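I've put the structures underneath this note.
One chain, chain A, links the two complexes that follow: it is found with chain B in the first and with chain C in the second.
And then the complex of A and B:
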């Protein structure tokens, strides 16, 4: 039987007193939380413990006695034994440490049914090497018999603030295994906060030693922020309610506007940020670690976003950059149109030596040329207003860099609308042709597609069906290279635009969802996100027990990002590569990026 | 009782393995292979009957040759599309009359309806072909001549190979389609849209309607059918000969080998046939449907 005692670092040099803590249910371990010094009145101690229990919900009890006798004080063996009768426990620990020596001695008094106490035979001398002290290691002497005791030293502040991952929230599942010993220990220390409020400057009846006994830690900035946050939240929620009322005006729920608002990424980003602000401005404080981290991440990402946006604005509105951009835009559009023109002229000739059908070539080429002409006229019509649009659009960057990027993506989509149109025409034509060709090829061989059985069956066709089918098959087959080439060219153009938009969306998504606060916490206060613990063996000699130092193992960066990612309308490819290639080959329209709705989570 | 299979005490050997017998497992007695049957379903071919049947194949080959001849004439400008069209129309009408005359008179009740349906089909064909002929004309403009010839040759070969010689009346899909594909490829090489239209009508006549008439003829007037086959073969050779003598020689050789040589080979090689059947064959289930008719 091995008894584990979790002993706080801060109490290593505490004066003699009573150890207060808790036994961990189901395991043979005890956690020491604080030491109450002599002199004390037992009644007051009991009252204090009950008070703490009521405040924190952790069942505390007196575990035993701790003695570190100063010079001149003799051993108080009988006094200590009396103590065990005052605070009746099943097991009573008597830990002894001597100045100048590095070992702890521990006696375990068990109370059996008869009410008498027996003292465990095993009395070990513990070896301990204080970290950084470098004291000499003593020799191990008496061998132990039945009960071994292991001392696990822990840093109280770190364990209290740390959160063990994976996080278990809410009501524990009765069918699941009971939480592990480590989890219980962490939870116990974290919940015992009221125990650590009594410091040495308080004028209470009791004197305790724990990690805060030198004086409570606090920060003025944090307190000020806490005070200021309440009215700020009220203000934000009031603004949000006005904004929501505005958005719900009936006129906005007409069909075209609603459709447009689902397609424009600016509107999506706007609704998304509204959700975030709503989360932030809720009056209730965060319940649980996950909620707190989520709120903190959202706040930090919002602040970073706005900061980057303001940076962009300061660059944009300086030195006439807007005018430069506006003046560069119309010639750029002209240039694109001219390139497209040349491309179509090339296609209408004999591109790459391919055999194009002249008549169809001319028809398609002229059709697309006319479209380009229309579009160029439209751009020229808009050119006086471009500067104004850019100026007002740049103002949106004050809401955040993500808004500016979404606006850019929308503008790119609007400017390349003609490419999208061409792509749709080409794809539809090609798809129709491929579909008809495959059906007519089956007719050529005398077979038919059986829709009921989803397979190809033989079929005897009539004479006219055969005749007309063969003629159409021949025509479509010889016109295939022409259509396929146009389709290929416009699909490539469309893919380039989609790629660019995808990059913009991915960066917006990254800014939205990256848990900056969690990563910062991992870098600066790595003990707060714990994956587990590691034990360092301080000194082990045969025949004596172990002294272990428990250190927190921080979470890996990848796991941090994965656990604390804010769920977003993340942009990810809808199809795998093979499905995409197959769709391209058949001529189906592709929308490669898919947006999840914000209704998830 | 040794392994040589000396029979034991008067226990006859039975061809079963589930009983312990005094014989070894691979023992056979003198009734071995008595159920073997050799060349059971063999047919006795008679030379001239086979030649008559093979004549049909030669006839189809000559049809293709006649079609190619007509195309060659049109391409060289020796035949005008209008005259081809008129001739095709006349032949169609004659053939239709013959077809109706040969039909048995059992279904005379629905004659008018059938004639209307035929007229409708003909209208659809002609209008469709006429409407699409400008498009068809430009189909192979950018394809090189060699490719066009190669494609047509392959398609005509596929037509000959997949032609339903046993029962040509519902035309086989693949054979008709291949022939039409080849004719479209060839017709698109002609100088005008009207040429294309004429060629396609001729192709329809030769590949789609002519076999139907032949089928009727074969059923009702076998003697005339054979004479017709011979006539078509001769016509094919002569027609091709007027354009290219080498082609005519080749055609004659092909016809000779198909109609005369191959049947000889078939009949001669029959005596090398050696099929064996016996109780080891897979069981065939012969459905006796006669009890459904009671």
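And then the complex of A and C:
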């Protein structure tokens, strides 16, 4: 069996001392976390280890001794072996390194049940003496039971801060396999934070070497932000409570306003952002990696949103852009109305060479023309206020670009309300016609729809029923092309508007849900999001143990986005293509985009 | 370091490099033939001649600049994402297996599979278009059922060496796997 020792890179040049760490249960491996230097008092070491164990919850133990003799420090062999009696362990590792040589040597002392110590490398030690140089053979080479050793070097800071994916949270399922060796190792290093507080320059009784021993790392900005975040959170939660009280006023729960607030995308976006602020302003610090990433992503997306909104505002309120927009709006609306007018006149004539039913044509055409006339007068009535509306509406961009886009989408919906009305009229008429036609067709064939059994049954009709039914069927059939054409035209118009609104909603959704913080972390601190590890064989000297360098394999970008996407009221198509086409054919009203609300839907 | 004359399934010459770092750690590298300058020149000349003919008829310089852009972008895309320079397999007894591919631009993608998840390394047959080829693959254990195979990870997918090369790698790997 091969023994694996995970050795931190920072301890490669540490002075001689004791190695503190942990054995991984179930696998033949040991993780070295820190080195405690000579001189030390064994009682203090034991007390220190117990103290760290209580603080961190990780079982620490003394793994063995590490010796990197400087000049003039020879003959530590017997001293090192005596140490193993002071700290009784099942296995005691003795790792030696000499200056100028890159390889380590390792001896393993096993304590069997009788309390006697057997030295695994007894034969090799003899061989060592015979060969006359200080290199013991660590890996397997002939001669009976020899313990093969692999040294896996790891960078302590990176392993401590990184998170292995897929993330396993909470209580592990007892039926599932125990966590793999790598996961256990990562978890051990991450949980040993209290061990890394004292370093060799502190005035305590013990001097240790680990990744912080060259001085504790920190960033002033991060510390300042942490201090400032507490009162900021209090302020935000206070503001939120006022806002929630305001929203809960009785007048807002009246039926029309409540219905309107579920339809307007600005209100939806507002409620969504309120949720986000509530998550951000909670007083407890984030528990676990997922919570932290979610909070960070929400914060960054909020900041980016506001920044983009302010950019938009700075462009809008400069050089009279608003006046230009307002002045362009009314002629544009006029132009659309004129086009619709021409379209209707074309339909009322002989569109594409088809011969319409004159009377029905005229009725429908006049009805829609009157609607357009109403709408255009309404626009002309509103034209002096448009600039004001645009000016105040543009102010909403200071809350974020998403608000400006939602407001735009709502305004488009309101302005094209007449197209929506036309579509509904045309669709209802067409739908009614189709249903009556299908029902009369069944009568034509002598069948009937059985509502109880939900199927088509044969039925014997009276003669007058048959006569009237056939008459109506013929009339409706010949009126079908006219209605179908109007329905087709207005459905296409409605789809254009829906498409435009869909694009706006998709971009709002994208800004809301894209995990910018996670992607930034992947670019700048790629070791924090780990998919796995990769090994590199370090150049070895012949006859020494195998040395491997363990590096973090960062997560792929696609996986980062997928794992850390903020769940939103995602705007996605409600029906598949076939269902949509079927609905269009039958004349059912389509609402292609569905919003997933957090409440019952 | 051994270097016999191996070929891949389409007959192009590849080279196999076995390096034994220690008794239980071995690395196998299969190198594909490099990008040939002749092919690159032929493609570039074809695209540019086409662009010149189009320019001759339309007199629009955007055609020329877009042809240059397309050639550059296409070449960069090819060497960064498509052309594999060498693939290597590192077997470390009782730790795991590491599979990595190195692309012509120097980009390296690595995957490490732990020993506890590996059931075995085998040579499998597959029907690939109109041929039957052999490929080396790693069988992964199913966490729920210890005897079942949950998934198969094929090795040396871009270089596709032939059976003689695979047998060599297979024998070497099995020596290590059987020891630990």
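As a working rule, the second predicted complex is superposed on the first by the 558 of 601 C-alpha atoms of A that agree within 3 Å, B and C clash if a C-alpha of one lies under 4 Å from a C-alpha of the other, contacts with A are read in each partner's own complex, and residues count from 1 in each chain.
Methods note: contacts are C-beta pairs under 8 Å (C-beta built on N, C-alpha and C of every residue); 3 or more make two chains touch, one makes a residue touch a chain.
These figures come from a predicted structure and were not determined experimentally.
Of the two partner chains, chain C is the only one that A:181 touches; chain B does not reach it. When the shared chain is aligned, no partner comes close enough to touch A:82: not chain B, not chain C. Legend: residue contacts after superposition of the two complexes on their common chain; A:148 is shown touching chain C, with no touch to chain B. In the superposition on chain A, no contact is made by A:339 with either chain B or chain C.
In the superposed pair of complexes, A:473 makes contact with chain B only, with no contact to chain C. Residue ranges of chain A in contact with chain C, taken from their complex: 1-2, 4, 28, 139-141, 148, 150, 152, 176-177, 180-182, 532-535, 537, 540, 546, 548, 553. Note for the complex: chain C touches chain A at residues 21-25, 27, 90, 92-95, 98, 100, 110-112, 114, 116-117, 143, 180. Within the complex, the chain A residues that touch chain B are 350, 355-359, 443-446, 460-461, 463-464, 466-471, 473-475, 478-479. Taken together, the chain B residues at the contact with chain A in this complex read 121, 124-125, 128-129, 132, 135-136, 138-143, 170-174, 176-177, 180-181, 184-185, 204, 208.
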